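Listed next: structures, encoded as structure tokens.
Each of the next two complexes has subunit A plus one more chain, namely subunit B in the first and subunit C in the second.
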Partner chain A sequence: MNTIPARLARAAQISASPEQARQRVFQLYRDWYRAAPEIISLYALPVSVPFFRHAIRRKFEENRYVTDQRVIDVLLLKGRQEYQETMNQWKMYDHVMGILLESRKGRPRSFLEKFYEGRDEDAVLPAATGV
Partner chain B sequence: MSVLQACRQAFPKRAAGRVLVSARGLSTDSNAPAKATEEQSDIAPIPQRDVVTADVVSGAPAELRHRAVRIFQPTRSTTQSGSGKSHRWRIDWDILPGAGRWENPLMGWASSADYMQGTRLSFRSKEDAIHFAEKQGWDYYVAQPEIKRIPPKNYSENFLYKPNKLRIVRTK
Partner chain C sequence: MSFLRLAARSVARPQVASAPRVVLPRAAAALPQSRGRVLQYAAYSAAAGLSKSDITARVLDVLKGFEKVDPSKLTETSRFSEDLGLDSLDAVEVVMAVEEEFAIEIPDEEADEIKTVQQAIEYIAKTPEAH
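Presenting the complex of A and B:
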């Protein structure tokens, strides 16, 4: 597949006002939303279009309450980069399935599992639980 | 009420050891909406500063927001007389309480699942370290360095004339 490197590339932009940042976020969300069927066929993902859109929505909802405009601009830039890399098929199957569609929350642990691990708080979890 | 109880109430446990500064008001907690809390008169409000909430875009795991970091100045190496490397300020993480460490069953090596256990950050000044921790939304506490007192050399004291006092003649 022939890709043009500059396709979908966007220069970093500083929003003039919170309202403009909001509009840019909406535009980015719309682009992701509309690209869902294309991405699924591009990478041959075994997920449905509503699930993909739900995962995208979850990613946006994670940063819903960010108010710092500079941070919003950085997030927008990162989102645009992700979008470009995804649409140009610069990612691989596992990048999309494991990172983009992955849910942050792990499986809920039962009382006994927490007891065996010796920890009950969910806030701080080590990368592994050892033996 | 006994005296002991009164003392316990006067000095809570936390205040004795370290003072934990919460940067939660400065960071962006993306999971909950900001809610207005009523101000109490005896609590001084945190002065608003312009701190970039870098934790949202830093890519660091969100779990780090729940762990306090220690800001400290390392002590001089015991085996060296020079004070090198003890002028910089460091940030490091406390060990994970409970789990995250185990002994390797084959070789007996100490293993850890804590991805922050070997990480330490170095800063030129305490203010730099505090600013960084606030930007990242980490709770921190500052371990104040001990003030070194270098006693004056008193070799010549051995040879001073003091009336009515025997001079100490030291031998090996």
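Presenting the complex of A and C:
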């Protein structure tokens, strides 16, 4: 199969208005939604199409209450990058199963669990509400 | 052993003898005829497309497949967000599901415009590729 690496590349863009940022989010969501069957066959994932879409939806829901437009633009850029990397098969099976389809927030960890892991901090979340 | 063979033969023979007599002539006679008929009908009915009631039923079926949609509130005139209580990402999903149902791809700008069941039905009705 021939991959054109730049096919899905998008330049970073600053949204002109909240409305435009919203439209761009929908576009990204649509692309992911449409690509679900293709990605599943590309990586031979043992998941169903609805589950894949649900996992993607969960990723979007994590940032549902982000209001800062600059943050939204960065998240959009990251989403596009992720999409490009997934569609061009620059990821491996485990990246998709373990990172893309995995929910970020697990249950809250206790003090000792953090200690055993050697990590006090949870993953750094992007600033959700700014300005 | 030989008794079994005899029994098997006596069962099998009438089938073998009768099967070609029935099947072959029918296949030979029916195939060219039916092909010609199909072609003729296809030419005459090509412009008809989908009927409005057909589209309506299928769009409503798609919406009934959504967990969040209350079937009792679902009518042709209901709006996605106000009447059915769907959020914006759900609305995107509904439009994508309609796309899949009718095997078309709705461009982003027009997909954003579809906010009611009625609009979805109208869009399908005026799209010749929908089937």
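In this section, the second predicted complex is superposed on the first by the 104 of 131 C-alpha atoms of A that agree within 3 Å, B and C clash if a C-alpha of one lies under 4 Å from a C-alpha of the other, contacts with A are read in each partner's own complex, and residues count from 1 in each chain.
Following the convention adopted for this analysis, a contact is a pair of C-beta atoms (placed from the backbone, for glycine too) under 8 Å apart; a residue touches a chain by one contact, two chains touch by 3 or more.
Remember, predicted model here, so these are calculated numbers, not experimental data.
In the superposed model, A:Y33 lies in contact with subunit C only, and not with subunit B.
By the document's definition of touching, of the two partners only subunit B reaches A:V71; subunit C does not.
Of the two partner chains, neither subunit B nor subunit C is touched by A:T3.
After overlaying the two complexes on the shared chain, residue contacts for A:Q13 are found with neither subunit B nor subunit C. In the overlay built on the shared chain, the residue A:Q89 is in contact with neither subunit B nor subunit C.
Of the two partner chains, subunit B is the only one that A:N63 touches; subunit C does not reach it. Which of subunit B and subunit C touches more residues of subunit A: that partner is B.
Legend: residue contacts after superposition of the two complexes on their common chain; A:E117 is shown touching subunit B, with no touch to subunit C. In the superposed model, A:S41 makes contact with neither subunit B nor subunit C. Residue overlap on subunit A between its contacts with subunit B in one complex and with subunit C in the other: absent. Residues of subunit A that touch subunit B in their complex: 62-68, 70-71, 74-75, 78, 104, 117-119, 121, 123-131. Subunit B contributes residues 28-34, 52-54, 56-57, 62-63, 66-67, 96-102, 105, 111-115 to its touches with subunit A in the complex. By the touch rule above, subunit C contacts subunit A in their complex via residues 88-89, 92-93, 96, 105, 108, 111-112. Touching subunit C in their complex are the following residues of subunit A: 22-23, 26-27, 29-30, 33-34, 53, 57, 60-61.
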